[in-house]
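In the two complexes that follow, chain A is the common piece, with chain B as its partner first and chain C second.
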Partner chain A sequence: MDRNYCQELLDAIERADRAGAAAVVDAWAVGRSFSQVVPELLSPTLESFGTLWSQGHGGVSLATGYVASKVAEDVLSRLLRESSPDGGPILPSKGPVLLGNVEDDFHPLGRNMVVAFLRTAGWDVRDLGVDVPPAQFVDQAEETGARVIGASAMMYTTAKNVARIRAEIDRRGLTGKVQLAVGGAVFKLRPELVSDLGGDGTATSALEASALFERLWQRSLNLDPTPLRALP
Partner chain B sequence: MNQDPRRVRCIACSIFRKELEALQASGRLDLPVEYLNSMLHMVPAKLEVRLQEALEAARRQDPDRDVVIAYGDCCGHMEDFEAEPGTTRTQGINCCEIVLGRETYRKLRREGAFFLMPEWARSWRQVFVGQLGLLGPCAKTFMQELHTRLIYLDTGILPVPHEELAGASEFLGLPVEILPVSLDPLLANLRQAIQTAGHHD
Partner chain C sequence: MAALQDQPADRPLLLLNAGLYGAKLTGASLKDHYRDPAVYVEGQVAILETFSPDFLISPFVLAGLGEAFGSRVTSSLRQPPNVAAFAAESAEAALRLPLPDVDSHPGILYLRESIRLLAGRYAGRVPVIGLLVSPLDLPPLIIGLEAWLDALLFQPEVARALLDRLTPFFAALGKAMLGDGATALALTANLTNRFIVPERVVETLGRPALREALAEIPGPVILHHGGCPLLPHLGDFMGHPNVVGYVLDAGEDLGEARRVLGAGPLLLGNLSGPDLAGLRPDEVGVLCDRALAQRGPDQQFALATCCADIPLDTPPECIEALTDAVCRAGRVPA
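== the complex of A and B ==
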């Protein structure tokens, strides 16, 4: 009987068992091209995990979410090490996009998880770290050509700094062209803050961030398809 | 301005219990305090409900008495509580900032510190294993990825729990540092909140 690798991987993640998850990935890879690991194993597993997460399933803890992101990182690292036979890109290339914790926010966990899941989905993520001032977000967007900024905040006190990023985007005439995705605990508790503070969208879990970034990227292109970065 | 601090009552996180009791015993703080379980911090929605209930009960009991909330920004609608007439909150995003003051807190957080207040240092296993679900090697990689060291904030009220700290250090894979902290910033913060409460008169 064929093994159900997706279920085994999901079980390992739900046990917060990173080593166990790696063993499942290794077993799956025997006799298969590793270049197919994302569509055939990782994505369906993370999709199932994301469903449990968004439903508030009892087995989904902070630790299991963390391990899911580590599993994604581990798979991605291996994928990048094992280049495709024709030398072509292993993952689709999307982006660039930016991610950072707003000024005064020192809670990187959620952001780290989003970075891992976005990279697994093929996004070129520039991670700006914690305590990022509004001007730095927008400077980096202009410098890299990122059409989406992801800003993370855990508490209302720090989430108010999202409004300052919004103001900086608008002040530089980049409204619409640079989309502002927001996330973090306070936005789950108070979804009205997304628009109140000037965000363009949010996701209910880190696993849904890629779909959000796709929508926002497309919206930016629809509003203004000219490149963000000045050509040399 | 409210000249009589006894006309103010306080609803506080139990993370401050020993410290506030010591301030009361020394005569530096004179107001009644009700405590809510600090573990509510792990479930902000529950904390919000309990805090709302405590505020409503306090107002029913003595409508003329202002209320100071000794809390950080620990639930989604804390600002709504503060906006209610006769209610003020201590300034700071969490208990550690309230005890350390903003600049010291920011400096140490930038350095990657993870703080343990005296009460939580004694129940670290309940927080990390029971609440966060961190087990085995996962706990170490999780903490080492996010932090550089544990800092025990020694407020001088309880004996330093060396054994528990050693256990936390081993389990979480981070060195532990003991930082003596004065109760003055906490007291000043509370006094400011008490004074601000008076403006509601």
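== the complex of A and C ==
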């Protein structure tokens, strides 16, 4: 009987069993091209996990989400080591996009998980770290050509700094062209803050961030398809 | 004092997580507020005189505990200090850090002196709650949350060793805070909450470690939800030594919590302190009335702001709405 590797990987994640997850990936890889691990194993598994997470499934804790992000990182690290035998791209290329915790916010866990899941989905993520001033977000967007900025804030106090990023984007005439995604515990508790503070969208879990970034990227292109920066 | 002593109170009790807001009332810089015990205490005096809560609190500056272990703390113009860089990169590395001396470390002396000054001023009249974290929540301040999750999830023997190392520090500081005059300690235990960690961690590490640590505290303890839902997992936090009360998360069902807890423990909640800044006073009043109506004549209930500090930009009228609500619901005139 064929093994259901996706279910086995999902089970390992739910048990917070990182080593068990690696063993499932190893077993899946026997006789297969590892270049297909993301579309054939990791993505469908994470999609199922994301559904459980967003539904508030009883066994899914924050740590389980963290384990999922670590499993994704493990798979991506191996993928980078084992380049595609046909010389094709290892992952689809999307982006670039930016991610960072807003100024005064020093809670990186959620952001790090989003970084892992976005990279799994093929985004070129530039991670700016914690305590990022508004100008730095927008400077980096202009330098890299990122059409989406992801700003993370855990607390209401720090979430207010999202409004300062919004103001900086608008002040530089980049309204619409640079989309502002926001995330963090406070936005889950108070969704009205997303628009109140000038965000263009949010996701209900880290795993849904990629779909959000896709929508925002497309909205930016629809509003203004010209590049953010002059091509070299 | 009545509720903590299981005596009838003359009105519903009120607790404000307003350590930060004291600086707004006194006009002190946050740098001074979180360094100088006398400045902090003046803030609590102003809170008491302005809003008449039934409890005073020690500084809610958990980053200071991380600083005592060597983490680097950064100050802010809008919120309490935060840990900006950790003292060690892993649980294994943290095992080699010396434990801070609760009788000489400046950051810890700030916490303790704040309690001493408040207790000296209000002894026997207004309870002073000492704010602390359980040993389970200390590592995120020393090595960061991710490194602590790595230990809890993937190196449970190392996590257990670190908890064993930190518990004596927690006990020494808890004893000292009670000795300084704290009426009770309020502490978080987030890393034994099923919202944060899987059942396996709760059962094998979290609950046993919490029980052992609480047994070392020679006084009453109130468990705080710490930003996580508490009600769905309340059973995990019951039956531990010295626990006399629970602070629920914002909006959690107070009636259901009382049903689960039974008569006896103090029940506190359920208004989000950070959200007060975004509400009108009449909206705050409605939320207060709803919470108070859920508990009716429950003498062991305190209307309380939960989650984080009440933000500096909260209009005072929104905090006065809490005072007005307990007076309306109580047996004394406003």
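As a working rule, the second predicted complex is superposed on the first by the 230 of 232 C-alpha atoms of A that agree within 3 Å, B and C clash if a C-alpha of one lies under 4 Å from a C-alpha of the other, contacts with A are read in each partner's own complex, and residues count from 1 in each chain.
Here is the rule we use: a residue touches a chain if its C-beta (ideal position, glycine included) is under 8 Å from a C-beta of that chain, and two chains touch if they have at least 3 such contacts.
Quantities reported herein were computed from a predicted structural model and do not represent experimental measurements.
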Simultaneous placement of chain C and chain B on chain A, clash or fit | clash
Check whether A:Asp131 is in contact with chain B, with chain C, with both or with neither, and answer first, second, both or neither.
-> both
When the two structures are overlaid on chain A, which partner does A:Asn112 contact: first (chain B), second (chain C), both, or neither?
-> both
Identify the partner contact of A:Lys177: answer first if only chain B is touched, second if only chain C is, both if each is, neither if none is.
-> neither
A:Arg166 contacts which: chain B (first), chain C (second), both, neither?
-> neither
Check whether A:Thr64 is in contact with chain B, with chain C, with both or with neither, and answer first, second, both or neither.
-> both
Could you pull out which residues of chain A sit against chain B in one structure and against chain C in the other?
-> 16, 18-19, 61-64, 66-67, 104, 106, 108-109, 112, 131, 155-158, 185-186, 189-190
Chain A contact footprint on chain C (complex, rising order) = 74, 76, 78-79, 82-84, 144-146, 149, 152-154, 194-201, 227, 250, 272, 274-275, 277-278, 308-309, 311
Residues of chain A defined as touching chain C within the complex = 15-16, 18-19, 59, 61-64, 66-67, 104, 106-109, 112, 130-131, 155-158, 160, 185-186, 189-190
Quick one: which bits of chain A touch chain B in the complex? Just the residue numbers, please.
-> 16-19, 61-64, 66-67, 70, 104, 106, 108-109, 112, 131, 155-158, 185-186, 189-190
In the complex, chain B residues that touch chain A = 44-45, 72-79, 93-94, 106, 109-110, 132-135, 137-138, 141-142, 145-146
